[in-house]
Every structure is written in structure tokens, then in C-alpha cells.
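For reference, the structure is listed below as C-alpha cells.
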Amino acid sequence: MTGPLLSVRDVSLSFKGIKALTALSFDVAEGEICSLIGPNGAGKSSLLNVLNGVYRADAGEIVFAGERFDRPTPIEAARRGIGRTFQNNALFKRLTVLDNVLAGLSRTARAGLFDHVFRTGRARREAAAFRDLAETAIAFVDLQGHRDALVGQLPYGVQKRVELARALVSEPRLLLLDEPMAGMNHDEKAEIARLIVDVNAELGTTVVLIEHDIGVVMGLSDHVVVLDYGRKVGDGRPEDVRENPDVVAAYLGTRH
Amino acid sequence: APATHAEEAKQQYFPLATFRVGAYASSGIPVWAGTIDYFRYINEVEGGINGVKLFWDECETEWEVEKGVECYERVKAGRDGSPVPLFLPHGDPISKALTEKSVADKIPLVTTGYGRTEAIDGRVFPYSFTVLFSFWSEASSVVNYIAEIEGGKDKLKGLKIATVYHDSPYGKETQTPLAFLAEKYGFEDIQIPVPHPGNEQSAQWAKIRQLKPDYVFLRGWGVMTPVAIKTAAKTGFPVDHVIGGIWSGSEEDVRPAGAVGKGYKAITPFPAGADFEILKKIKAEILDKGLSDLKDPKSFGSVYYNSGVIEAIIAVEAIRTAQGKFGNRPITGEEGQWGLEHLKLDDARLKEIGAEGLVQPLELSIKDHEGGGAGKVIQWNGEGWDIVSNGWVKSDRDLLLPLIYERAAAYAKEKGITPRSSDSAAN
Amino acid sequence: MSADAEPILAVEAVEAVYGGVVLALRGVGLTVRAGGISALLGANGAGKSTTLKAISGLIRSERGRVTAGRIRWRGTDIVDADPSRLVAEGLVQVLEGRHVFPQLTVEQNLVSGAYVRGAASAEIAEDLERIYAWFPRLKVRRAAKAGYTSGGEQQMVAIGRALMTRPKLVLLDEPSMGLAPIIVEEIFEIVRQLNREAGVSFLLAEQNAHLALRYADHAHLLENGRVVAEGPAADLAGRDDVAASYLGGGEPAVRPRRRRPAPSIQPDIGP
Amino acid sequence: MSSLAAAVSVPAPVLLPLHRTSTGLVTGLGLLAVAVLAGLAVDDYWFNAILIPFLIMALAGLGLNLLTGYAGQASLGTGAFMAVGAYATYNLLLRLPGLPLPFALVGGGLFAAAAGVLFGLPSLRIKGFYLTASTLAAQFLLPWAFNQYGWFSNYTTSGSISAPRLEFAGLDLSTPQGRYFVTLAAVAVLTWLSINLVRSQAGLAFMAVRDMDTAAAVAGVPIARTKLTAFAVSSFVIGVAGALWAFAYLGTVDSRSFDLDRSFTVLFIVIIGGMGSIAGAFVGSAFVILLPILISNVATTFFAGAVDAGQLENLQKILFGALIVVLLIKEPAGLAALFAKFRRRLATWPLRP
Amino acid sequence: MAFFIETLVGGLLAGVMYSLVAIGFVLIYKASGVFNFAQGSMVLFAALTFVTLREAEWGFVPALLVTLAVVVAGAVAIERFVLRALVAQSDLTLFMATLGLSFVIEGLAQILMGASVHELDLGVDDLPIEFGPVLVSRFDLVAAATAGTLVVGLSLFFNFTRTGISLRAIADDPLAAQSIGIRLQRLWRIVWGVAGVVALVAGLLWGARQGVQFSLTLVVLKALPVLVVGGFTSIAGAIVGGLLIGATESLAEIYVGDLLGGSVSTWFAYVVALGFLLVRPAGLFGERAIERV
């Protein structure tokens, strides 16, 4: 396939009086890790929400894998292979880690209600296959020890990994990660970063990442997009962005 | 407390499914007091029914179906070897839920002033006894009372009679007979439903103001009645042209309406008053001796209290009748059925009991589980009830019975019941 | 200030249990000196948040309980004290994870912090301006419902709201989480400023150990519900074991990586 | 094998607790055996007043639990859906002579499911107590219609419907024991199917929608379809319970038997028993249906005569209310959770905590 | 036309009575997110206490004051023994607890004050006043005025005072509210106390209309659709919702009821409410749930 995997064209979004995104355009190539950075309230999370159908853009186009895809519903986005983690952990709190991860496979589920209720062969086969996948994903993010714990009672950092596993398990083509390392210490961040790199490298998953730790961003990204007040103020290789005086002033502060 | 349990096997067990708690406690408390007081009177003064004393258990139903069923099941096997002669379910829904169980268990259900109208046909409903006054009779008696005050049935022609009813199976049950009678007598039958619980009726009475009926037949239930009376007054409808049904005609129904309730009338098989012979006796022997179940002596002689006494009289007389055939001992349900189906309370017998004027003359048979079918009209004077009808107002039972038999036959068909023949009376 | 003055907060051998079953703290002891900034470091699940909630009394609202130990706040025992009393006395907690009142506006959120003092309106307005000066972004969004603001904005609201109580000791749970680097710097500067100018003490639970150790004067290291190390921040920052697991031995979390061509693998899952 | 699995190879563990059915299956079969034995041993009182209503309300609780406990949609339309089940079964048996009883029950359930879907449509837009309140539209509309239009009750004067022929394969099931076994069979089968459901991917979808619907949608759960499925399945079970309530328990009912109080009772069963727990429906039903009977039996045995009857009844009511409050304070997640905790304690005993 | 107006006015006045009950719910829901099932029992208890005192020959004012004291004491007890122990539990759990509470209150009411039906005379006579061809009840006008005053007062109090904002904070996030020193327990006591007072007013007015008896608890059924239309969290919504529901119900009874041949007002209000919800999922004035990801 030629051309970018994801192409955002002039996307705008506003809420009563607040312009969250203003005519935003950028591309993400297949297989790259693209970071979104910008001050608080710049519109980063809103952008992810538009991409996977949680919000509907006011205007603009989105092209994903060569197809127009302007105002998807979350389901459509999921079906096409867009996975997602959230800034405020959006987990199924009263389910175990394993069940949370299994729920991540919903987009590929084929067995119907009848199959499930009567435990037909098809349902059983699917369940077995799903479980293998889920176990693998759990192992991948190193959560075996918590497999049967209720997610609501896990520490924040562990929850973040559960969310990652849930997003990963169905092997999306595009993974949208909203601050997956917030609230983690150095070691833990390194661990998550390694996971992201692995996913990207081993599965070829394209990643769009929001992160405030600039060290992580620099180390991880192929490509950085900078937002401020809903507009793009920078777009390029990490090194270039870091030198950009606007970015330094608005976002990084002098110490970095 | 029940009588001593020493020689219980020689005593007649009589379970009481009371409702002293919950939404209907205010009526339940006097009803059961009436029943228990009469039983105590029988035990204390008359030494039992032909020497067989009564003893009883209470079981609370809160007037809820499931609790009623549970009670029935708990008590139906009798106690200490003494069987259950008949059961007073006291509640329309409960009695329906017990209809079939009672057949299987051979325990008669006696429903006075409520219950299935079709159950008048004992061939199809062998163990249901809609004694005294069915809802159809109620409707017909009200029409006949209106005729009485208008000066004859021919005066009914052209009248408008509006029925304001509780929108439930109970409330709708008089629609069929009223439509039939309207056709027959030429009055206009207007039906106005009030949804449960009926605490807001401005729309209904606005409609009445518009339609200007001559009389309103109020088939209320619970709080619907006082609200109707108040709303009638509020909309300027003359309260003395409102005639309440059986369950809209107690002190509890009018008292909350306050001063505007004065003049309100109701039809009832349970005339109020403490002057009936038997009530005087109960007062002297039970109430004044501190044996009464009644907490609030004001309720003595009220509609509900008297209804409890009336039920008890019917029960006792049915047992007595059965004893006539089966011997002076505790009676089983099957024998109780026989007793009921051969119950005859004529004026003479009523006089003996002291229930003249309180209980209407009754004669039951297999084909007729109602027996009476008449009510008295009472009018609220602000303090109590006055009887204003000319004795018992009879219903047009001869007109209605064929219709009722038809319905019973349809039920039998639907359920695959083979009706008993009406002259299997001997068994 | 002398080191042996009575600490403003002293936690001794505290054990805490959630729901009668989960033992989250197994004997935590720490002190915060009046006018000091203490840092509480530890991995996910070490019990940092629980420690703070045990101090503020909020643990009881999560069906938790302090089962052993003592917590002394300015000389009095406060296990089981009513949280609102503690706030009135100047001990306030900023909860982890942006607990704002979503249906209230940003400004109402902030103002609600001043109620416990029964402050006069003029005084509130003044404090409000100070908060807005620190967080200009909040001034822009002052009329928005807090529930609709961005993650970082909510964090600012939560911190600002706590400061509106005019505290003496602030328990800050992960203040840097989700904030842009420039704001993080600013928040720590505000902490330092409040500490120096108004004498407010702080107990910081923080994952960003670099930053925490730079601003704190004292630090405690929590592991599995126990304090395993403590000391002046500078000393701890110098210790090898601490550096290795909390500071990444001075390395950035992620090293720059080389590009690789992406293998093109189609997802094939399903039965 | 997927590519993800190829990326990291970790042996999949053998023990998979959620899907571990062996002990559950043993317990379930054990309980069923006890229930069957009970059916051979007890008398009419136990059938008619205890076992049958207990099982039916547990079934209704189970149905509502699928919707409320699992899919997170609290409904107060239970009574209405029970009514649909009852009236539909009645009419099927009446109008299709020769239709075997199990088919009529399933048919009644299907009608209820359809009603459930219809009144579940608002859930696509409305949430929380607003949704709960909107289900009241069903609760008031449907029983009203059954009362209003005589066709539903085959034009009986009393507007009530009566148990049709309860027979299957030549067996007369209208005796208390027969009705008990009909009930038990229906409850056992539906419980088994419900367990299958909640343990499947479909059940997971329910719970995902309950816990956080946006996240569920993003994971690819079709929210609308899942909610409506939950309404359908739940109403099916509730509909069957309604038919059993009418015909296996009461025999004759009218629309009042399915009033708002019925809906509340079932909701209590679910909450008291434990939301999102199949066993919870049974424990909850025991609490709500059996406890008052127990209290009342105990009270009449020990206090009758000593205390005024009316006051005694009131005290029982207060006691029951207070028990509910105390239970919720002790264990907001319901009796099932309380038992689970108790089991865990036992397992670790004498170790603390 | 006169008939139409009369029906409409009757409906509106009835609607105000519904609002009166609805406000009690709104107060508690606003403050603690609890849907208080016991509101009906509180209405009954308050009215019953008052009539019992009156029947024991107490003067109007002393009886009213003592009833107030009883109601407030009850509210404080509820906060102390039920709510405090259940802080931060799920909505349904709290709802359930209030159900248990209603059993306790109803049982107590009957033990203490018996089960009889009482007349309650507030001294407002209930005869019709004619405005041209339209009849209006004086009592209903008084009731409407009372309810209106209550609504205005409470709206002002809750929207413009610190207590009001604190209450909304508690309902949003009790943990965070506690963390900044908002005194949950004190505020809950206030709110339950005020809800008790509202219950008393509702109990008196409804009691005067229909007698003081057990079925007073059923007036809550009338309040539910009002809440749905107006929104669970808005006092102003309760009054607007009440008017809307009262009017539609009354008109529907006349104009739709005839078509369908029955009393439609049981369900009509709910269907109307449902229609409203489809357009505005949190009622007219309610707060929409916020879910940000």
C-alpha cells in the first residue's frame, strides 16, 4: 500500500464555545510511532476521540488505510482495526484482568447469542481461541500475576497495562495510546515503552501516542505532532520539534 | 387469645387470614374484630356451636396475594386434628388465587361482597361461595334503588347514571350488568374510570360536570372514595346523588372527606348500626366485659365491624347446618361445603340469632352460591350512617342469573371442567 | 528551624485494611517537619495513596480502616478524625486521579474549597485571583463545567481547589500526572513558593522521582506497604539502589531507537 | 495461532478460573439433586407456599439480574414483562389447542422478549435512574392494556386468567408436586442457559457495557445490539417466570398480580442477593420471599397471644426493613458477596485477616 | 372551550400538588444521588404525627412545631444510622436501603399511631370558586400557592448559597467533597431535614385532600413522571414538570381516555415522560451525566 495509513485533513471540532481542534491536518505512515504533544487542553485527547468515533468532527476528512472515514462510530473504528487506550483509565472495573482483555476481542467475535447460550461447537472453539489470545496478551504485558484480580482494585499503573493489553489483544492496525505512562515511575515507564516498541516492531502496528514525558517521546517516536489550542504548531522528526522555540515556550518550559 | 387447647380435637378450628398491617389495615382491624367477637360470643355465651367450641389462629396477609396463599397453605391442613370447615380469604385477588387450590383441597372459600360473580354457579365452582351480594347484584340493586326514589322502574327511562369506577378488574366487573340493565330499562349508562390509587380525579369530575348525570354510582376502592366525594363537592355535584358501592361505603371511606361527605349514600350488604339484637348481646357479653378484639370502641357497629360479624354468622350457621347432617363435631371442608349449600337463613332463623335486619335472608343451593343478592342503602349524616332504603333493595337476579350461568359455562369449557349436576345435592 | 522540633505530622507504624480483607499498609512510619517538603516514593501499589488517605481520614470513605498505629497531627491523634475537621485545621489532601466535581464549573470547584473556612466573599475572590495567576488556563475555562475540561485542566482544578482551603499541610498525590512539562515545573515552583513564603508543608506522593527529590527536603521510600528507606532527599537521590529503580540510573526512560521497516502482517484472528 | 502469540511465547496456563466449571457444576448438580429429592419428600405447604414462589421469584430475579446486574440497565418493568409472559402463554394455550406446555412457555417468553426489546429501545439514549423511570411506562402501560382489553383474558367477567391445562406427555402437572416439577425444570434449564450466557463472550459484552459503555464501544462491542439483547434475554426469562407465577403458583391471576410492587420485589431480590451473580438471585429470593415467612412463623409460634397481633406484625415489618439496611451496610454487594467473603475467610482461617 | 380550560386548570393545580412531592425527591437526589424510596413513608409519617397530635387536642401551631421537630429528628437519625454507613455506595444500593427504611418508617408509624383513617382539616374550605364558567377550588389555589412559595424559596437557597454548591459537590463526588472539608454529614442532615419539612407540607396538603391514611405513601407514584420530565436534580424542573404532567394527564384522561376506553392517566404521564427523555435524556432541567475519556 502506498500513502499514509492515517491521514487527517482539516479536522475541526468544537464544544459550546471552545474550539478543541481547528483545521488540523497531519499524516501517519504505516508502521510508525507518532507522538502527539502539546499543553493541557490543546486537543490531543479530543483528536483521538475523533479518530475512533467517540466524538464527531464538525468538519474535515479522515482517511484510514486508503478509505474515507470521516465520522466513524466507535464500532466502525474498532472493526477497521483502530485500538485505543484512555487517559482516565476506562476499564471494566468489576471484571477481572482476563475478562477485560477478552472484552478487547469483541470486534472479532463471530459467535452469536444462540451459540453462546447453547454452547455450540462454534462458541466453544471461539472461546478457546480467544482465551489463548488473551493469555498471550496478558503475558505480553506481564500481568499473569494479576490475571484473576478485579481491575478496580489494582493500582493505577497496573491498570494502565491492563488497558494496553485490552487494546492490543485484537491486534489493531492502528493503536491510539492516551498517556499510557502517566503516573508511573521511571522503571515502569521504560517497561511500557519497551512494550510499545515491541508491538510496533513485531506486529507492525502503527502507534499514535500522547505523552507528556518528553524523554519518552524523544526516545520512542518516529514523528512528533505538536498541538496548541487545537492547532498544529509543529510536525516533524523528534529532534526538530524539540528545537522549535514555539514548542519550547508553550510546552516544554526552559529546563528541557 | 384462642380458647384453651385442652380438648381441641373436640373443637372447631377456624383459621383467620387477617390484615392488620399495610395499606388496608384500617379496614382489616375492625373486620377481624367483628368476626372474633362473634366467635367469642358463640364460645362464651352459647358454649360453642352445638357444644363444639371454636378456636383459631391468625395469619397476617397484608392483603397481599402471596402472603394470603402462604397463610392458606399454612393453615389448610387444620390444627391439632381439627379440620378447616371453610376459609375467608378476604380480598378479591387472594380469592381468585385460591379458587382452584380450594377445589383440590376441598375447602370452601366464602367471599361476602366480593369474589367471582360466576362462582354463583356452584356446578362449575363447587368450592367458591360468593355469598350475600355479588358485584352484579350490587349494580342491579343500585339501579333498583334509584328506581325506588324516582318512583318506579319506568322512571329509569332517560336517566343518566354514571359509574365512576376503580380501573381494575374489580372496578370493571359491573360494566356488563349495567350495560344490560341500561338496555332493559332505557337509562343511559356512562362509565368513567379512575386509575389506581385514585388520589387525583379532577379530570373525571370535570367530565361529570360536563355530562351532567342524574346519579353517580361510585365503585371506589381505598383512597379513591374520599377523594371522589371531595372532588364531587368541589365541582358542585350534589353528594347525595352519589351512591357508593360495597367497598365505598364504610366510615373509613367517608370520614376523610370531612364535612362535605354529609349526605353521601352507599349500598351495602353490611348495614351499620349497633342496635341489632345480636350486636347488643355482643356489646353486653363481650365488649363490656373487656373480651373484645376491638381496640377502638368507636368502631363498634361500624360497617366493617358488622361485616366481620355477618361473615362470622354465616360461617357459624354453615357449620351448624353441616352438623345437622354430620353430627355435632368439628366439620371438614367437604362437610362445610355441604353445609353452605344447604344454608338457609330465613326471617325466623335470623330472628333467633338476633340478626334480623343485619343479615339478609339467604338460601343457598348448588346452583346458587349467592343466596341473597340484596343490599341496604345507607346515608352519612356526618357522624354515622342512617339506613335510608326501604329495607333490603333486591337485585334483578332472575334477569342476571342466566347471563351468569352462561359465563360460568364458558369458564367450564375453557378449563375442561365437567359441571356437577345440580341435583347431586344429596351427596 | 531545628530538626528536633515537634514534626507537624508524625505517622507511626500504621496498618491499613480495605474492605476488611486487603492489607495495604503494613506498618508505615514517616514524619513531615513543620515547613518541610517530604516526598513519598514507591512503585505502583506500594501504598502511597493509601498512606495519604489514612492520614486525611478519607480511607474510611473507601471502606478502608486504619487498624494499628498512630497518626499525630500537630500533637493530637487523628486516626478516625473527621476529614472536614482536619481540613478546617489546615490538613488537606489532593486526591490522585483528578477528582473534580464534574457538574460544577471550574470556578465553582475552586470556590468550594474556601467554604470550610467560612471565608468572606472578598477573601474568596482574592484567593481565586491568586489561583488564576498560577493557572491561567483555568481562568480561560472558568465557566466551563469541570467535567468537560481536559485531564490536565482537571488536575489544576484539583490542586487549586485544595489550595483554596489555605492549608498548613498539603498531601499531594501524584501532582505531576498528566500535566505538560511546563506546568509540572510550575506546580513544583508553586509548591516551593508556598512552602517558603507561607510556610505550608507538603507531603508529596510522586512518581517523578527526579523532580520530587529535587524539591523535597526529605524523602521516604515505600515498598509493599512499608517504609524501606528514608532520609534527606539529597542523600536518597545519591543512593545507588534508589537511583537504579526510581531515577533510571540517570538514563532517559527510553533510548532513541533505529527505524526498522515494518513487517506487513494482516491481523488474522477468530476461530 | 496469531502473530501476537508468535511474538511472545508463553505457555498458556492450565487453570482458567472464570471458566472453571467443575466445582460450579458439581454444586449446581448437587443443588438440583436436592431440589428433586425435596420434590419427592415435602408436603403441599412447602410446594405451594415456599418452594414454588421461591423458585419463580428466583427465576425472575435471575432474569432481571441479566439486565441489571450484568448489563447495567436497571428496570422497573419486570412486573409488566411477567404479565406479558403470563398472558401470552395463556392465549397460546387457549388459542392453539394441543400446543405442548413447554412450547407455550417458550412462546410466552418470546412475547415478553419482544416487549422487552420494544421498551428497551429508550436505553439506547437514556441512562441511569432516568432509564429506570422510563421503564415504568412499560410497567403501567402493559398491565393496563391487559386489564383494558377483554380479548387478553378471553372476556371473563372478572378480567382474570386461569391456569390452562398443565400437562405434558400425558402427565397431569396440575398437582402441587407437578407444578413444582414444572417450575423446577424451567428454572434449572434457564439457570443453566443463563450461566452459559454470562460466561460467554456475549456475557462479557453485557458487563463491558455495564462498566463503561464508551470503552466497550471502542473495543468493538455493539452497544445498541448488546443492550437490546440484554433486554430480550432478560425479558424472556422474566416472561417465563411470569407464566409460572400465574399458572404454576397462583393458578388464577389478573393484571394486578403484576403491578409495580412485583417489579420492586424482583429488583430487591437482585440487589439483596447480589448484582451480577446468578447464585445471588436465589439467595436474594430466599431473603425476600422466605425470610418474612420465617419471621412470621417464628413470631406466631413464640409470641402469639403474648403480644398484640397487630403490633407483632408491625414489629416484623420493622425487623425486615432493618435487616435490609443492616445487610446493605455490612455488604453493599449483596448476600452472594457476603457468602463469598465468608468462604474466603474460612479458607484462610486461622490466618488473618 | 370552558370545559377545556377547566380541565386544564384542574390539571395544572393537581400538577402543583405532584411537584410538592417531587421536590422532596429532588432535594435528596441532588445532595446524595439517592433516589429516596422512603419519601412516601416520610409524607405519611409526618401527616400522621400531625393529625395524631391534633386529635389529642393540641393546638394547630404547637402540633405543627412538634411535628417539625419529630420530622427533623427522624431525618438526623436516618443520616446517622443509614447514610453515613453507606457513603459512596452505588445508587441502587442506596435506593435499596431507603426501601428498607420505608418498611421501618411504616411499621413505626403504625405501631405508634395506629392504622385508622383520619380526617385532616386545615381550615381551608374546599368549595368551588367560579371564574366565569370555570370552577376552581379554593383549596387547590392555596395548595398551589404554598407549593410555589416552597419551590421559589428552595431554588434560591440551593442555587445561590454555599450550601447549595456544596450539596452539588457532594452529589458529584463525595470523596472529593470530603477531601476539601465539606461536611458531608452536616449537609445531609440539613437536606434530609428539609426534605422532611417538604414531606410534612406535602403530607398536610395531600392529607387534607384525601384523608391521612396509608395510601398517602402512594402519592410518590405521581411524583415520578414529574421528576423524569423536570430532571432529578432541578427544583425548578419539579414545578415545571408537575405543571406539564398535571395538564397532560388531565387532558389525556378526557380526550385520549375516551378513544381507548379506559383511564389512561396511569401510564400516560409515563409515556409523556418517556417522550421527553428521548429528546432530552436528563429531563428538562436535569444535569446530563458527564463522561469524559
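The first chain written gets the first letter, and so on, giving A, B, C, D and E; residue counts start at 1 in each chain.
The criterion applied here is as follows: contacts are C-beta pairs under 8 Å (C-beta built on N, C-alpha and C of every residue); 3 or more make two chains touch, one makes a residue touch a chain.
The UniProt protein names, listed by chain, are A = Amino acid/amide ABC transporter ATP-binding protein 1 (HAAT family); C = Amino acid/amide ABC transporter ATP-binding protein 2 (HAAT family); D = Amino acid/amide ABC transporter membrane protein 2 (HAAT family); E = Amino acid/amide ABC transporter membrane protein 1 (HAAT family).
A quick note: this is a predicted structure, and the numbers were derived from the prediction, not measured.
Counting only chains that touch, the fewest steps needed to get from chain A to chain D is 1. Ranked by distance of CA centroids from chain A, the top chain is B. We define each chain's centre as the mean of its Cα atoms; on that basis chain A and chain B are separated by 73 Å. Chain A and chain E have centres, each the mean of its CA atoms, that are 47 Å apart.
Spacing of chain B relative to chain D, judged by their CA centroids, is 37 angstrom.
Averaging Cα coordinates per chain places chain A and chain C 27 Å apart. Those residues of chain D in touch with two or more other chains are numbered 2-3, 144, 147, 214-215, 310, 314, 316-317. With touch defined as above, residues shared between interfaces to two or more other chains in chain A number as follows: 45, 54, 86-88, 90, 105, 108-109, 111, 126, 133, 170-171, 202-203.
Contact of a single residue of chain E with at least two other chains is seen at positions 107, 110, 115, 221, 262, 264, 266, 292-293. By the touch criterion stated above, chain B contacts chain D in their complex at residues 1-2, 18, 20-21, 25, 29, 57-60, 62, 64-67, 69-70, 72-74, 76-77, 93, 96-101, 104-105, 116-118, 136, 167-169, 172-173, 176, 407, 410-411, 414-416. On the side of chain E, the complex with chain B involves touching residues 3, 6-7, 10-11, 13-14, 17, 107, 110, 114-121, 126-128, 135, 137, 139-140, 206, 209-215, 218-219, 221-222, 249-251, 253-254, 257, 262-266. Considering their complex, residues 56-58, 61-62, 82-84, 86-88, 92-95, 99-104, 108-109, 111-113, 115-116, 145, 147-148, 158, 161-162, 164-165 of chain C touch chain E.
Within the complex formed with chain E, the residues of chain B that make contact are 20-26, 28-29, 167, 193-197, 199-200, 202-204, 206-207, 209-210, 222-223, 226-227, 230, 233-236, 252, 255-258, 260, 295-296. Put simply, chain D touches chain E in their complex at residues 68, 74, 122, 125-130, 133-134, 136-137, 139-141, 144, 147-148, 214-215, 260, 264, 267-268, 271-272, 275, 310-311, 314-318, 320-325, 328-329, 332.
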